[in-house]
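Chain naming follows the written order as A, B and C, and within any one chain the residues start at number 1.
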Amino acid sequence: MTLDRIRYELRLLGKPVFLTPVLVVIGFALLLAIANRNVTTVARSMGASLEVLLPMAAGVVVATVATYDRAIELQLTMPRKYHHTANARFLFILLWSAVVSLLTSFLLYVTSYWRLPVLIAHWDQPWQFLTWQLTWLSSTLWLVALGLVLSLLIRSRSASGALICVFSVAELYFHDVFMNNSMLHPVYLFPLTFSPDASYWLVNRIELLGTAAVLFVLAWFLLRLPELLLSHSPGEE
Amino acid sequence: MDSLKIMWGVLRYEFRMQIRRPALWLAFLCFAFLIVRSATGMLDNPYFLQAHLSALQLAASLTLLTNWLAPLGVGILLADRLSRDRRTRVDELLNTLPGTLRTRLLGKYLGTTLASLTAALLLHLVVMAFAIWQTGNFLLLPLGLLCYGVIVLPGMLFVAAFSLACPVVIWLPLYQFLFFGYWFWGNLLSPHSGLPTLNGTIFTPIGSVIGAGFFNVGSRGGTGSSSAVDGIASLVALLGIAILVLVALYQFLRWQQARQ
Amino acid sequence: MQIDIDHLNKVYRGGVHALTDIDLAIPNGMFGLLGPNGAGKTTLMRILAGILRPTSGTIQVGEHDGNTERGRTAIKRILGYLPQDLGVYPDLSAREFLDYVGILKGLDERKVRRQRVEELLELVSLSDVASRKLKTFSGGMKRRVGIAQALLNDPQLLIVDEPTAGLDPEERIRFRNLLSDLGGDRIVLLSTHIVEDIAQTCRRLAIMNKGHITFQGSTEDLANEARGKVWTITSSGTKPAGDVTVVSTMNMGATVQYRVVGELADPSGATPTEPSLEDSYVWLMREKRSPALSAAH
């Protein structure tokens, strides 16, 4: 992909896509700064922002933006395949979310507002820092993959964004169900927030990557169906 | 009389368009699985059984349980209804029709909200039916409907007003995300968590203050007790703010039209 | 180059037969595709453009097999496509939009691509407004951007779907002239339900109705189909009796002049009229005649 093309694709994504994760982190940090100076609470909350809020934001943005194209019919007639274009777009969103998450986690690390899973608490650096990034990476990839699949299946931007929010709320509110049922661990998104001392933390993070990969494969197939891409769900124009 | 007829026509069609959305039913189907599962847990909970709740209190508790997710679905799925007119370029045509903006806005608000509430009410009835099956008490049905009207409706109207208005000025996905954040922070986060929250105040649309005030039952967020006066204050506050938001929306849209 | 379509069928989900047993040969030059709304023209265009896959049948575009993925990609390299509903990116300027589409078409050399963009902006008379955002463009200006993007890769196959819909008469004439100029050494497939556009630009055409080809041939042949079936009648206001379709009504004050196509109950008092392409189209579209004509062709 040439630089010119990258420039255009970023422009077409628009500023809101790039501002959203930044605003989420800054807004949340400000709220905490005003409300609570307790280190443990702030560490827990900022950890939650990286594990819950940023991945959710990425998922909602991908669900809304990645497969909605005003010139879709034209795009489908191009020799450059549309699924490459779509992949590039959500890759940009993912990369940006990753940059914001990485920077935030680094800041948390240097300012000691750092909540570690017990499993890696005694690991050496840089392995501890690098492994910790799975906190946001696994959840982000999973919710982005879900957002993509929902967007392609339902063909509704607002509905797919809504379902990402619904799913996340369900995970938050029923975290005890996910926690206590090992069958649900491969889709348990937020263990650091609720069960940082879980012995299965690392396995959970890797399992999430695996289930995310399954969703990405499904999305890969769906992106190759032009009739699906041209369609809308009734009432979802 | 013409305005009423126009409003009724708008309401009917907005209702039809919203009720036909597969996404609405898909969301509430997901809710149904989660809430029925939660209701099972609640009804089997020994602490709950020992509390010896009356039928009315049981109906109110189940209503609160249903209501921690339903307004989320209503709010998020209603958020694109006004911007949709602009996206489909129907607004240009609608602005040339004799019905006033106020009439159409009210019709849209009521129609889309009622359609979303229909799905929410069905969910509520499913939960009540489940509770009747578990307890054998058929009174739960009429009492459940009463609780729905008192606990659920004010919050739903509050949420619907904001969901119709805010996406006019905020990018839709950002609003959905912020609404999710608000719902969790302002309704489900316990006041004892260490973070300030609107949960437990009269501005809580989940209905916990109304439930505690009128029926002496708490919600899962653990907001503590409230008096009947608090309950009335919450009802009035939620409905009043909904009206204010709609008025503000109307004024904003008028200003926008005049600018064009 | 020629396009050969054999026994093409397209059935959408839900059992909707959009195209039924289409056989079509499209030679070099301007070729018109005429038909009412819902005839299947857009579906056929989309299949030729590689957007949709046919349910059955074969498509050959020159040496490229439109039934294979490789063939479709090869066709897209020589294709220029102007869809019926042209979606554009409102925040890009015309120049930027064309530049972006040029990149998607594989014009990677920046200097060459930008030069081509400027040439096309000049061709469609949008050079003066090229830096303006597309959201400020009128419908006609957007259509011109649309034709410009279709020409970026100097296509051998140009498909334009309803290009003059919504344009004012001047812009429509300009478009037609532009398309005619382009039709020299490539295939230009013009799909429209405006008969006049085809009458002014195409020598050969096909008519579609309900997913079938009901006519295929030259415009002269089509015009002759309604010979002896077109009449002009002046009356006090009473509509002409008989199995006719009124194609125009002109109120002259005391009398009304009708132009009709069909079989008059009483031809005396009616003036036989030289059929236009539109008259022949109307004649063909009358369902009673279509099966017999299909058999004849």
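Quick notes on this one:
By our rule, a contact is a pair of C-beta atoms (placed from the backbone, for glycine too) under 8 Å apart; a residue touches a chain by one contact, two chains touch by 3 or more.
Bear in mind that the values here come from a model prediction, so they are computed numbers and not experimental data.
In terms of Cα centroid distance from the overall Cα mean, chain A ranks first. Centroid distances from chain B, each centroid being the mean of CA atoms, peak for C. Taking each chain's centre as the mean of its C-alpha atoms, chain B lies 50 Å from chain C.
Our note on geometry: chain A versus chain B, Cα centroid distance of 27 Å, whole angstroms. The distance from the centre of chain A to the centre of chain C, with each centre set as the mean of the Cα atoms, comes to 45 Å.
Annotation for chain C: no residues touch two or more other chains. Touching chain A in their complex are the following residues of chain C: 12-13, 46, 49-53, 73, 76-77, 79, 81, 83, 85-92, 96, 99-101, 103-106, 108, 110, 149. Considering their complex, residues 17-18, 20-24, 26-27, 30-31, 34, 37-38, 68-69, 72-73, 76-77, 79-80, 84, 87-88, 171-174, 176-177, 179-181, 183-184, 188, 194-196 of chain B touch chain A.
By the touch criterion stated above, chain A contacts chain B in their complex at residues 16, 20, 23-24, 31-32, 35-36, 38, 41, 45, 53, 56-57, 60-61, 63-65, 154, 156-163, 165-170, 172-174, 177, 233-237.
Residues 2, 4-5, 8, 11-12, 14, 69-81, 85, 226-227, 230 of chain A are the ones that touch chain C when the two sit in their complex.
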